[in-house]
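Listed after this line are the structures, all set down as structure tokens.
Paired with chain B in one complex and with chain C in the other, chain A is shared by the two complexes that follow.
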Partner chain A sequence: MNIVHRAIAASILGLACGAARADAVSGLLAQYQKQGASNFSAASGQSMWIKPFNDPKTGEPRRCATCHSEDLRRVGKHATTGKAIEPLAPSANKERLTDAEKIEKWLLRNCKWVMARECTPQEKGDFLVMIQSR
Partner chain B sequence: MDAQEPHDAAGDSRIRVWDAPTRIFHWLYVACFVAAWLMLDAARLDWHVLAGYIALGLLVFRVAWGFVGTRHARFRSFAAGPRAVAGYLRGIIGRKSPHLAGHNPAGGWSILAMLALGLAIGASGIVALGAMHGYGPLAVLANSDSALALRELHEILAWILLALVPIHLAGVALGSFVNRENLVRAMIDGRKSGLDCADAVAPHTLLACLMVAVAAAGAFAYRRHADDAISSAGKAPHAPADANAKAWNEECGSCHFAFPPALAPARVWLAMIDPATTHFGETLDLSAGRRAQLEHFAAAHSAEHEAGWVAERTRRADWGAQRITATPFWRRLHRDLDFEALKRSGRVAAAYDCGACHRDAASGKFEPRAIQSQ
Partner chain C sequence: MKHCCRLAAVVLVSMAPFGARALEYDVGPNTSASYAAECGSCHFPYQPGLLPARSWQRIMANLHDHFGDNAEFGVKARQAIQEYLATHAADVSDNLRSRAVMESLAAADVPQRVTTSPYIAGLHGGLLDPLRGGLPRVDNLVNCTTCHFKAEQGVFKARRYTVSDEAFRARPR
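And then the complex of A and B:
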């Protein structure tokens, strides 16, 4: 495969991921709106991203950035297992935000890990628009 | 040959008492023993085993040479009775022991012991290799219940041989001192001074060259075979083609190394993904569909269903803590590793980051030769 073919393949993949991302995110945002959310804000998402919550069991502060790092374009590190977590920012990792089921699963699981409760539809939408902008 | 015996500086004639094959055997045996001790690291098991094979070949030759070899190399010439040993030792104390062409009665016994131990170490090594890892001529013993005990026996025998080395060296030093003869030099050039010409033996240089050639050819053939085995070690037995395998690798692999299901029995896997309990204090929030996929995959490929030494160990392990890193066999096999230091250096993410060192971890094989130490 020469460089031209590779570039074409990469742009097709990029376009496909971009389209899938637009679909997955807009579908979820519409769903959150139906659940009562409105006016999603990347700024609110960002402030929640770095806000610490004390874990009720250990008392230690937990943030989204604990595992994903403050800069979403960088590789994060799982707080317990130490495993590298690929960047969340679509600009650094084309596959992000392309699978609605996966997004919902991790928002559920990780909101509970950080805040010891599920995120509201508003919070989830704020996160999505913030991540999408990175 | 005897007409050309060299004379040392003092003009004293030194005659050949050790033929070349005996000397080559001695020094190659030393080299193999040292090499085997230096290659204890599981990642260098291949080299350890190679040293063992060469030593075994040498020992088989030496035993035969003990019957058909030259005079002082024959067992008959140095396997003396206990009375002769006692008499010789008394003589040493009185500093009037005879200057012997071959081994003295005490030394003879230490030689026999070191040869016998070498054979026992080699034999137990081959048995342990087959039983632990399913390699070598006794690969059929793979997964035998006594695999770890056999390895232990191999280790104990090697320690006994190591303990005999200083005794042997002390004997050489004492003999050299009492008889004013450098016995180390004698084992290098084969000659001793102050002896009757009738004690001289033939050199058998050609046979010694043949020994070295056979050992080198064997080592070369073995290395080629080992390299082939390493390149195939990383291949997974069940490629994650089916959806359940893909779900397993995605769900487990999102947070930590995606353990191959052979690493635990089904009941342990099922408990780990049971929504009624936590997963080491964490909630997994698996969808019912995903959980069913993981359950099916675990049930089909857990330790009960897989072959190989890992599945055999994990099936019978004590899973009280539910962690592979808490099982006695895992702790034993990793006892020399400082995981805190490895984590600090970034080499591993955690002690259970199997794939960081085991190149074939995803396949569940965990062959020693697939370990990458750097």
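And then the complex of A and C:
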């Protein structure tokens, strides 16, 4: 496979991921609006991203950025295990936001880890539009 | 002490009877891609043959508080993983490594972590000793591949654990 073929293959993959991302995110946003959310704001998502919440059990402050870092284009680090977490920003990692089931799974787990409760549909949508813009 | 542990382990593993059928030495790779992907997203996906089924059952029942993390699943993924664990756990696996794990446990023991079964904890006690020399220095035993470079293939016999170890010095950094 020469370099031209590779470039074509990469751009097809990129386009396919882009389309899957648009589908997955728009589907979830519509679902969140049906559950009572209004317009979504990347700015609200960003301020929640860096906001610390004290864990009720340990008292330690937890933020989304604790594991994912403040710059979503960078590799993060799992707070407990230290395992590398691939960048969340679609600009740095084409596979992000392409699988609705996976998005919901991690929002459930990570909202509970950070805030000790589930995120509201509004909060989840704000996060998605913020991540999508990165 | 460290050497004693190692020696004990070798003796334990080689105590297995010489049956007609050759036993596998080690646990081998994970055969469930969904298990490796789901559990491997946060930590090394420990092969099920490193803990008895009763331990896996308890771990799966407490995923909402998985050593301080939330690791809940959807029902479908959860059932598939539960079945994989139940059918590949140490007490239903026929390899020397799983046998060694089981032989180190009393019937009532339900270790909560792979690294707390007496067999595995005993082998690694010296590694966490702050007075231990050599490299690599580790704070915990979460990432098997730091030393066991064939851990993904379920081969724990091969390891690098000191600066004098050629394999460790030659490792990609």
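Simple rule for what comes next: the second predicted complex is superposed on the first by the 134 of 134 C-alpha atoms of A that agree within 3 Å, B and C clash if a C-alpha of one lies under 4 Å from a C-alpha of the other, contacts with A are read in each partner's own complex, and residues count from 1 in each chain.
We adopt the following convention: a contact is a pair of C-beta atoms (placed from the backbone, for glycine too) under 8 Å apart; a residue touches a chain by one contact, two chains touch by 3 or more.
Computed from a prediction, not measured in an experiment: that's the story for all the values here.
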Joint occupancy of chain A by chain B and chain C, clash or fit: clash
Touched partner set for A:108, first chain B, second chain C, both or neither: both
First (chain B), second (chain C), both or neither touched by A:84: first
Set of chain A residues, in rising order, touched by both chain B and chain C: 57, 78, 80-83, 101, 105, 108-109, 112-113
In the complex, chain A residues that touch chain C: 57-58, 78, 80-83, 101, 105, 108-110, 112-113
Residue ranges of chain C touching chain A (in the complex, touch as defined): 41-43, 64, 67-74, 140, 142-143
Chain B contact footprint on chain A (complex, rising order): 57, 77-78, 80-84, 101, 105, 108-109, 112-113
Chain A-touching residues of chain B, taken from the complex the two chains share: 255-257, 280-287, 343, 348-350, 352-353
